[in-house]
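See the structures that follow.
Here come two complexes built around chain A, the first alongside chain B, the second alongside chain C.
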Partner chain A sequence: MTRRATPAFTRVLGRQPLGIVFSAPYAVFLLALFAYPLGLAVWISFHDYFFAAPGAQVSRPFVGLDNYVAVLSDPDVRRSFVNVAEFLVINVPLTVVLSLVLATALNTVVRARTFLRVSYYVPYVTASVALVAVWLFLFSKGGLVNSLLGPLAPSPSWLVNGALAMPVIALFVTWKQMGFFILLYLAALQSVPRDLYESAAVDGANRFRSFMNVTVPGVRPATTLVVILATITGANLFTEPYLLTNGGGPDGASASPVFVMYQKGIEQGNPDTASAIGVVLVVCVLLISLVNRRILERD
Partner chain B sequence: MRTRRVWSTAALFVGALVFLFPFYYMVVGSLQKKPDTSILGALPLGGLTFENYTAIDSRVDLLRSLANSAIFTGGVLLGTVVFGVLAGYALARLHFRGRGTLFAVMLLVQIVPFQLLIIPIYVLVVRTYGLADSYLGMMAPFFINSTAVFVFRQFFVQLPEDLFSAAALDGAGEMRILWSVALPLVRPAILTALLLTFIGPWNEFLWPFLVTKDQSLQPLAVTLANYISNIAGRATNPYGAILAGAVVLAAPAVALFIAFQKRFTAAELSSGVKG
Partner chain C sequence: MRSKAIALSVAVLALGTTAACGGGSGSSDAASATGPIKVWLSNNPEEISWGKAMVKEWNAAHSGQKVTAQEIPAGKTSEEVIGAAITAGNAPCLVFNTSPAAVPQFEKQGGLVALDQFPGATSYIESRSGGSADQYKSPDGKFYQMPWKQNPVMIFYNKALFKKAGLDAANPPLKTYAQFLATSKRIVGSKAAPSAISPAPTSEFFQSWFDFYPLYAAESGGKQIIENGKATFDDQAGKDVWNFWRTMYAKGYAPQEAYSGDAFADQKAAMAVVGPWAIAVYKGKVDWGVVPVPTKQGMPASQIHTFTDAKNIGLYSACKNQLTAWNVLKFATSKEQDGKLLQTTGQMPIRTDLPTTYAAYFKANPDYRLFAAQAARTVEVPNVPNSVQIWQEIRDAYSSSVIFGKTPVDQAISQAASKAEKLAGQS
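Up next is the complex of A and B:
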């Protein structure tokens, strides 16, 4: 091999073909475990697909939109989408407001900064399963929360109450994910120009006014990101309905689309309808993200 | 101005205690002989015992589960640090055919919810590749963390160009430049990215839950969840044992996070995210 690459060689492979070697393992990984499954998900959702013994020759006929029709007319699936909508309505605004307010406060605080930061981040780094265990204990019928509330305790109790199960899950996820969003906002706050606050102070704006007029518009790109990421987290909801409310209970009141996907696809062996749910879910997330961007980034 | 700051600090402290309380209660509950859910029961007043830890250990093999979690997490860390750093370096510094596409797909991975892919990945890993009940099957979807690749790329992009041209003038090859020039400079960034990568597989529940039916291979998050949903009803002090398991599951991630909390500052991460 000559030391100097020929022009044709460069044209096909690029100036530093070693990059292809360096990135090959990652490219193969993305192809095998992201791109191909993504295509397969869509393919499965348009076919009569079922699990078969390895090596068995089975026909999986194209069924057009049948799986989508089945999914969209299934009351359990519809219920799960309504449930996750309820989740998002509680979780997203609460997340945006609290994490921005907390990040702003953390940004100015001088004392015990490390302790405060660690306290707010630590739920984010901890396993959902471990945290669900404590919430089960806290919100059980005879749990501490009900002991504190005394006669005000709801009946039936939180996790077995159809009207309260989803709000408790939304609250749990807000608490668990808050640290990450505070971190995002703290990063965004560093790029809000200081003199904007100074001129707001000169104009006689109080703290609330300068928060609304300088901070909120200053971190708007971060807000778009927070809303989109919180929506994706909500769309991925599984562990909490599975464990905290004992399988989407009571009576499906907290079943999430991913939980229904798991039931239909794996437990009942219908990967085709489960894939259709997945595709519908992602289309919804994309639509919500686009609408968010439109609303949040317009001038 | 000063009084306002005092008020906001006080409010932050109250919020912090609310955020931390479940952790405190997890530990207290795991040490109580009988679950005491009264208000005074939240104070660690006597009757504390390690019995719950032996109880959970007799129901699920704690050490085995911890070892499985460690293998699962370790494999992902290894895959990410070896192949992720190579990919991040190539994306930042080398001009090759397909770089733009690879970069675009890497960004796309961050937006598409993993849960959409569980059905086809389950079909592929379990049915096609026959990797059910294996560490490889468990690690496969997480093997190279795309967020970490992105962070690596951002850090390599920021290194001054002169450094690389100087090394190239000295006759260093690309491999040599990566190993002796670029890597030592981004070492702190790699640590940050690895910490972020760690919490993914260590805390992951859904995927290992789907792919492992064999108890002896399940990571702790899965064995604990199975204990919560199946067996707990029959134990004498189910909450005590569950909380003891929760403490064991939470402790390594929390300890690592506290030890390296400086790496989770806004400045540290924003320097990685600004391109």
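Up next is the complex of A and C:
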């Protein structure tokens, strides 16, 4: 059998050249808005860099690891990483467990299904600024939660309590993002074969055993995705410490790395150290995501 | 990846790219060029009203040098927007809302024009503002900002709440720290208001201008926090001020949690730290009185200094018609326009002899007299490198020790002073 020679343009452009045209906008988008800025941020982090007016004669010498040494020896930066680790430890497991349980419940519910799905999704599509106002009403010193708790209310109150501010933020973000993750799990649940549940029932499994032995393994790929997305979103925490605890308060207890980047890069005009924090953060998130994936995808 | 870290990098890209391909116009040609210019005004309605009227007057008399005014574009702060505009090369010619604390940064960026390059500029500034002008000189001795207007910070008190607490509302005991604390105790103890005073307990770098700095200016007899490259505020005056506020927070007279509305207007606090802008804001809402900030032993009002809370005018290097910009700047700070600014906004032009220059205004508006008298004794933020970073270090230390009581005051203030001094010494 003889092989027909493949035309040169097919070898270069593939069998469906039109596909390149369709995918090009997104490829350009990725390169221009993510890959190039990331590369530039890495470059900035190795230089004594500041923003200057066009035409201004400025020196931006290579400084090696100086910016990394500066940020890693800065107690405020180190604390922000500890803060965000505390956030992730609360937020990610809570997100996974609550999203899966609620998605499973929603999957079995017959009446008011659409209403319930929309209800869980509304916080996700609502602007954080509006939701923060509601949580301030709930968790401020004279707020609804403290009124209900009466003498059991914590002192100092939730948002100015160094031990409670970050957990409250973690709860807020869990609640706000849950609608999106429930949708992911609902989609995954549709691919779990019905006959597995029937087999489990025949074997005498109750609902809890069915959930643990059929549902949880059945949605494992979705769980990997949820964990990685929740980690990435959580590691980039900014709006909530900025608005809910008035700039990472109390006394820096809820300051996140991205918030410190904003302070240093934008407010204080030091984009070099801000970029160094950003690069460290990206590396940390990649490592955590890699570990998560290895753990969650192993048999 | 929907990463905010990456998003910030996008901002870096945008700024870096525009910086790379822009074209500077801070040349000597621009310094002598005339023609149309753009100016930015603060988004305060009264200032917009004054600004538009001023521009209309200018345009009526200068058809070839038309001025176009607009509000500063929306952003988290004006300084961020101006900083981005400098980097992008599209800053306007004049910004009538340039914060003195941001000037060192804008100057480092190459975004500001030294006004001294215009013939007679130095003498114009110094004759208009007198000795106060020195506070606005940069370390190289030049003026990169035109001292414009200030809002001397004083203490407003709610007369009705003071009466409710059984205090003398006509002559409240608020001169010394001891009196201020006793008055606060009376207000909170009598439940006249939940808090005696409610300065923002938040961590933004500028918040210290409205709790620590006015009292330090008063207690120290008019010192800036950094003088001749040395931090001053870890002296006894600084420690006394921090300890005073520490007591206010520890006793619960000032709340550790930010109030999401206006605590003074909503009667959640009986006092507020304000400038003359507050007169219009609280008119018809609160029956108020005003006193100077307290000092440890009490001082005559005529000797008390306070923070300026000034906003100045910057002439930006992206401007192609800088001579027109300078002439507009002089026009906008003329005696006549300053009078109109005072009339429209109640804010105090940084001028010598303010009460006598505009005697008719202060006669007709006696509420503003105390602020006008106070305007002669104001202290600005020091014009030093890394100004914003220095104020953030001070705020962080103050927050830790004074507001939340986690670090001893002496230790926190000493560490903050050491960091501030180091930062001020860097280029």
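Assume the second predicted complex is superposed on the first by the 267 of 299 C-alpha atoms of A that agree within 3 Å, B and C clash if a C-alpha of one lies under 4 Å from a C-alpha of the other, contacts with A are read in each partner's own complex, and residues count from 1 in each chain.
As a convention for this text, contacts are C-beta pairs under 8 Å (C-beta built on N, C-alpha and C of every residue); 3 or more make two chains touch, one makes a residue touch a chain.
Given the structure is predicted, the values throughout are model-derived calculations rather than measurements.
Clashing of chain B with chain C is the outcome of superposition onto chain A.
Contact comparison for chain A: of chain B and chain C, B touches the greater number of residues. In the overlay built on the shared chain, the residue A:F50 is in contact with chain C alone; chain B does not reach it. Applying the stated contact rule after C-alpha superposition, one finds that A:G252 touches chain C and leaves chain B untouched. Looking at the shared chain after the overlay, A:N213 reaches neither chain B nor chain C.
By the document's definition of touching, of the two partners only chain B reaches A:L106; chain C does not. Once the two complexes are laid over each other on the shared chain, residue contacts for A:L18 go to chain B alone; chain C is not touched. Of the two partner chains, neither chain B nor chain C is touched by A:T224.
Once the two complexes are overlaid on the shared chain, A:E267 sits against chain C while remaining clear of chain B. Across the options 57-65, 75-83, 93-101 or 111-119, chain B meets chain C in a clash only at 111-119, per the superposition defined above.
Across the two superposed structures, the residue set of chain A contacted by chain B and also by chain C is 33-34, 36-38, 40-41, 44, 51, 54, 133, 136, 140, 232, 235-236, 238, 246-247, 258, 261-262, 265-266, 271, 274-275, 278, 281-282, 285. Chain contact summary for the complex, chain A toward chain B: residues 12-20, 22-23, 25-27, 29-30, 32-38, 40-41, 44, 51, 54, 102, 105-106, 108-112, 114-138, 140, 142-144, 146-148, 175, 178, 183, 186-187, 189-191, 207, 228, 232, 235-236, 238-239, 242-243, 246-247, 258, 261-262, 265-266, 271, 274-275, 278-279, 281-282, 285, 289. Those residues of chain A that touch chain C in the complex are listed here as 33-34, 36-38, 40-41, 44, 50-58, 76, 133, 136, 140-141, 156-157, 159-160, 162, 232-233, 235-236, 238, 246-252, 257-258, 261-263, 265-271, 274-275, 278, 281-282, 285.
Of all residues in chain B, only 4-5, 8-9, 11-13, 15-17, 19-20, 22-23, 25-26, 29, 35, 37-39, 41-42, 83-84, 86-87, 89-91, 93-99, 102, 105-106, 109, 111-124, 127-128, 130, 140-141, 143-144, 146, 149, 174-175, 199, 202-203, 205-206, 210, 221, 224-225, 228-229, 239, 242-243, 245-247, 249-250, 253-254, 257-258, 261, 264-267, 269-270, 273 touch chain A in the complex they form. Chain C meets chain A in the complex at residues 1-6, 8-13, 15-16, 18-19, 21-26, 76-77, 79-80, 83-84, 86-89, 91, 105, 108-111, 200-205, 255-258, 260, 317-318, 386, 388-389, 392, 396, 399-400, 403-404, 406.
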